[in-house]
Amino acid sequence: MLSADDNNSKNYRENKKLAMRTPQIFRYFVLSILLVFSSYTLSQEPVRIAFMDPLTGAFASIGNSGLKQLQFAADYLYNSKGGILGGRMIEIVPLDNKQSPTESQLQFRRAVSGGIQYIFQGNGSAVANALNDAINRHNRRNPGQEVMQVNYSAVDPILTEENCSFWHFRWDAHANMKLNILTDYIAANEGINSVYIIGQDYSFGQVVSDTSIELLRQKRPDIKIAGNEFHPIGQVKDFTPYVTKIVASGADAVITGNYGADMVSLARSIIDNGLDIPIYTFYAAYDGITATLGEDGKDRIRLIHNETSNPIPTEQRKEFYRAFKAANPNNDVTQPRITNALMMIVQAMEETQSTDPYDVGLALEDMRFTTIGGDEVWMRGEDHQVFQSLHISVHTDEGVEFDADNSGFGLYTEYSVPLEETIVPVNECRMRRPRR
Amino acid sequence: MTVIKKSTVWICYLLGLLALPQFFDSVLAISIFNQMAIAIVFALSYNMLLGQGGMLSFGHAVYFGLGGFLAVHALVMIEFEILSFSIIWIPLVGGFIGLLAALFIGTFSTHKAGTVFAMISLGIGELIAASSLIFVSFFGGEAGISGDRTFGPPFFGIEWFQNLEIYYLAVAWVFIATLFMYFFTLTPAGKMANAVRDNPERAEFIGYSARRVRYITFCAAGFFAGIAGGLFALNYEFITEENLNAATSGRVLLSAYIGGLGYFIGPIIGAVVLTLMNSLLSNYSDLWMLYLGIMFLLTVLFLPRGFAGFIMMHQMVWAHGKIKSLVLPYLITGVPSFIFVIASVGLIELSHTDEAEFYYLGLNFDSTTAIDFILISIAVLAALFCIRKSLPQLRAAWESANEISDDDEKEAQS
Amino acid sequence: MLEVFIFATLNGLVTGLLLFMLASGLTLIFSMMGVLNFAHASFYMLGAYFAYSISLHFGFWTGLIFAPIIVGVLGALVERYGLRRVHQHGHVAELVFTFGLAFLIEEAVQFFWGADTKNYQSPDLLDFPLFTLFGQEFPAYRGFMIGISITIFISLYYVLTKSRIGIIIQAALTHPHTVSNLGHNVPLIFMGVFGVGTALAGVAGVMAGPVLTTFPGMAVVLGSIVFVIVVIGGLGSLAGAFIASILIGLLQSYAIASDLGMPDLLNILGIEFSRDHPLTDLWTLTLPQIAPILPFLLLVLVLIFRPTGLMGKREQ
Amino acid sequence: MSVLSLHDVTKNFGETEIIRGVSLNIERGEKHAIIGPNGAGKSTLFHLISGLYNVTGGSIKFKDKEIQNKKPYEISRLGLARSFQVTNIFARLNVFENVRCSLLWSSGYKYSFWHLLGRQKELNEKTLEVLEQIGLQDKKLTPAGELAYAHQRALELGIAIASGAEVIMLDEPVAGMSLTEAESAVELIHRITEGKTLIMVEHDMNIVFDVADRISVLVYGEVIACDKPENIRANTHVQEAYLGEVVTDA
């Protein structure tokens, strides 16, 4: 590990090097291009925020849906009302990382090239980790041009534990927090005597498996772990053989962290083979999945997430949903945390009257904020992990005012846990704070 | 005389590479150049295998990736002071690992060329890509492993903070690697690789074991792929399993093929074109992969020897000064072709967009009504019609240009 | 344990027979034209997507009939205007062409149908359990899949051995040049075989779409496996392809069903490693974990020790 | 003293016996022709000697070493070169490179990847000499695949003789040539095999009687006669079995 002194001397050398080059010219260059091409042609430079997620390829629908939400939130909440910081618009710059760590690195350089200092990213913990590394390296080597990682959805605990960083803020509950609530819920269900855990063979799948087993052992030692299975990501053609094992094991419930096509195939196999047990999971709604599961999945799939989908508590948020739906008839507000993140960052900017990620970062630490859904949010300063109430919802068509994929089906919240009960202690985060 | 002429090409190559950052110096541009440098070495190494040695591989990324993984591990070891050497040697670490892997895998995969080799390479590629997700302690799972290049002893005061510094280092390696790969084609082993590609049976009757010749080429290709992997490690400072999976193998096949197999310069062209498409085109359109696929298929269909082959086709005409006679016919076909491409892209984009208003080439289209669709469709059809009409003319011009060349040659000979 | 074994066998058979539907077309194409069609699984995907679109308006059964026909016509067109042109540049060019085609079809599918999964449903008519064994249902649709596959195998076998065109094709399998010397319109036969081969892939797609999820990655998942089958079975051997399909279907199914792994092996050997051993990933490997890569392992082994495949005769 | 001797060589393909116990001794410096009707097994015999096929039984000795079932390249390195009935050249290499490749092993370069071929003066001169011998010096930069048929045949010979092997086996060297082409080819064969051992399969009897010192007649995988040309011509047995019909055909 690097000592603080080394760090400083490196920074110093770095500064000298930078002074010798001419980044200013470049910035003017970018600016002038912007002035020519920007559709706003404003007197003031817009605040540019990048949205980096897969916009092409297999995961494109999730990425594009997120992009639309961020774009809409920026326009609806700020740009249409005269902007922020006394008249500056928010400009969302889409960057397609194709769900690849390598491509993310390239897109990150593109962002830096364009003078962007805030990057929203959510899909894929591998990408988030790679981006975290890249941003830390960049910020260390280029003081004054720091970039903040706005993680709205990557749930690998490591990002706010061992690898926590001043420049990374997470607006989603991490996997362990979610599992904590999910296992509470399972433990409280007397009918469940054994569970089967199945997941994709990678870090998140393993986290889900290890943590659920540990937590269930603490909470309900009598629950039998009927199976603990890993399958390769995206390689399984047919989940029926796995379902056979689940049937044979006599499990009463399935826990899985699968996403994308692996989630759909697994759920479909379980349903098609007539196995009538609940599935507890994270990513089994929206972006085509709800429509695909349809009637078959009713009352069988339960998800853990923040911000309820149905019923929605405040009129303000309902209004936001309706406006979004009017603008994007084929999409849903799948990730309200994108809006939360944007609103909190803007609030921090307004407080500090600065767009420098360092100032904004300090202002975000320990910020308490009320979302348009009336939910209270706390950004913990020690590890930059957000806390807010968590909910478990069921896939159904009853009581669903805001459905998903225009299918009539959606999520209905059955169980909620207030903010205080979601808090987990800071375990392994020893954050190195930059000095100014 | 010829020595000077030949070295001029090389000096231009080196100067061109060195001068690039003088013209484009944004962070993004440097990052694209770095990518290009890596792609060039990788594509050249693939060409050694397929173009020179006739071995169609669907798993060449294995050597690239393994080289890269070991290179990142070496960076980590330097960081933790287990090793201590300047990071300029990291590509060599990658190359060495690529070579080792090829030495081992080559013992059973080079037995035959053709489909058998292709299938073994596919199988090995899938196996290693799958194992890379299973053996997490070495490969780091889907998140990969990462290092930091700034911890080694400084090299003449350079500590490799900036990507520009890495670019110059990459240029040095690209130049050396290109030079050595070129020299390889001029050695007995390199020439015999061509001979075995053309006719493995006959090669055996002039004293060479086809298998051994393939093995040597295979190992050399593995070595240079590893060097490319090492450069990757230096540039990105991390590597993941996606760098040794089938998609990466497919991409290098694409770039070598589009550039032109068999021509030494082909893969360089291919690598540059593909990198630019990947990093620039993808910004303008979600559909760039579709365009890439179409371009690839058209290349296979109409330019079987790639871009380099297309250029080389004109060598004879050029040498006999007949190129002028082709300019007009090329223009007559070229202009409608250009319009055809532009209009087709417009049509595809227009039918893909969700927005009601659609900007393309500074024009504003309305995707909700049929009129704009019809207008563009008419443009596409008209251009297509013009191309069809002008093609016989082009063909005739081409043939006459080449025919006269033949006559000239006969005159020259008699 | 017995129930797991029985269901594993059934699942293996379903997968194997599905794979055979793909492999049979690929084998036919390879035998005749000497080219491994990389895009074969892409036609399978097209089958699923066409059937999905048709089923939205006309129901599943119309899709089952028309989707393969559309796919077959597309395949024939690809042969006529693509492959035939590339043929003159040799096998590498052909292989590369089909490789590019696979790439393009995947992109085209995303262009026309989008990147998300499609809600392609099996018909209501078959939406009942065929039988229930040890508490697990065996869906009627899977039984239907088995039925269709076996029907195809039998009729293909019958056509190839009994009909005139079949005999010509059989001859072309082993002696392509002689057949063309005998004055048969070999290009037309090629086009026909390519069309029929891709149509078979289309049928597989129609059948598999509702079970294996219809999404743009479905070709990639299956594509290389089908290759593996054709090579393991022996290039140009229908029987070999059949055996290899079933073999791989069962192999994967049993591997997943089993709970064996390195820990069990080490137990038997009486060796123990701590969890932080550098090779701990290797010591904790289980069979289900590596099930999907077993075919590739088998492929490499077969190619090293028996390059002609299990039933193959022709050296290349 | 015989340089190449076959002892009771047999070769079966499955059930079919193609070569049925051939014994043959070729003397050093001899020009030996093998004739026989189509399907007699002449080419198969060549393939057995040069190592393309493995024998089913019997032994083949080359310079007192057993070479049956050895790999072609091992046999080639011992000094036995051959040409093919169907043109068998390196199509995408140019003529010069074709010949130079066949000189590489005998010049001791082996699998070297540290010699630059352009700088090997002696090798390149030797290549030019061979090109001159086969009369292709004007075409040296033409890709071999684009040569006219007769030139390809000449190159085929060139590749076979370039290495300076002492035993040269030619499989129908003038097959498919016009009369004048064949004449110059025969002259070429005379020229390039001077002082060497030649084994040749040929259908054209005029050429056979012109070139050969001794002739073996192979019928259905058996040598039915092996003698001087004039004796073969006189041998009624041979005439009955084979010679008569071919002569009238020609």
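When the chains are written out, they are named A, B, C and D in that same order, and each has its own residue count from 1.
Note that a residue touches a chain if its C-beta (ideal position, glycine included) is under 8 Å from a C-beta of that chain, and two chains touch if they have at least 3 such contacts.
Only a predicted model underlies this, so the values are computations on that prediction, with no experimental measurement involved.
A.B. asks: State which chains count as neighbours of chain C and simultaneously of chain D.
C.D. replies: B
A.B. asks: What is the distance, in whole Å, between the centres of chain A and chain B, each centre taken as the mean of its C-alpha atoms?
C.D. replies: The computed centroid separation for chain A versus chain B comes out at 36 Å.
A.B. asks: Counting only Cα atoms for the centres, state how far chain B is from chain C in Å.
C.D. replies: 31
A.B. asks: Between chain A and chain D, tell me the centre distance in angstrom, where each centre is the average of that chain's C-alpha atoms.
C.D. replies: 74
A.B. asks: Going through chain B residue by residue, note those that touch at least 2 other chains and give them in order.
C.D. replies: In chain B, the residues touching two or more other chains are 130, 134, 136, 287, 289.
A.B. asks: Using the touch rule from the top of the page, what residues of chain C touch 2 or more other chains?
C.D. replies: 110, 289, 292-293
A.B. asks: Which residues does chain D have that touch at least 2 chains other than itself?
C.D. replies: none
A.B. asks: Pairs of chains that touch, anyone?
C.D. replies: So, checking each combination of chains, I get A-B, A-C, B-C, B-D as the touching pairs.
A.B. asks: Can you tell me which positions in chain D touch chain B when the two form their complex?
C.D. replies: For this pair, the touching residues of chain D are 50-52, 71-73, 76-77, 81-82, 84, 88-93, 97-98, 100-102, 104-106, 109-118, 138, 159, 162-163.
A.B. asks: Considering the complex alone, what residue numbers of chain C touch chain A?
C.D. replies: 3-4, 7-8, 11-12, 14-15, 110, 114-119, 122, 129, 132, 134-139, 141-142, 211-213, 215-217, 221-222, 225, 252-253, 256-257, 286, 288-289, 291-293
A.B. asks: Tell me, which parts of chain B touch chain C in their complex?
C.D. replies: For this pair, the touching residues of chain B are 50, 54, 56, 108, 111-112, 114-116, 118-120, 122-124, 126-127, 130-131, 134-138, 246, 250, 253-254, 257, 287, 289-290, 292-294, 296-297, 300-301, 304, 348, 352.
A.B. asks: Chain B touches which residues of chain C in the complex?
C.D. replies: By the definition above, chain C touches chain B via 36, 82, 85-86, 89, 91-93, 95-97, 99-101, 103-104, 106-108, 110-111, 224, 227-228, 231, 235, 278-282, 285, 289-290, 292-293, 296-297, 299-300, 303-304, 307, 316.
A.B. asks: Once bound in the complex, which stretches of chain A touch chain B?
C.D. replies: 10, 13-14, 17, 26, 29, 55-57, 60, 96, 98, 100-102, 105-106, 109-110, 112-114, 125-126, 129-130, 133-134, 137, 141, 201-203, 232-233, 235, 330
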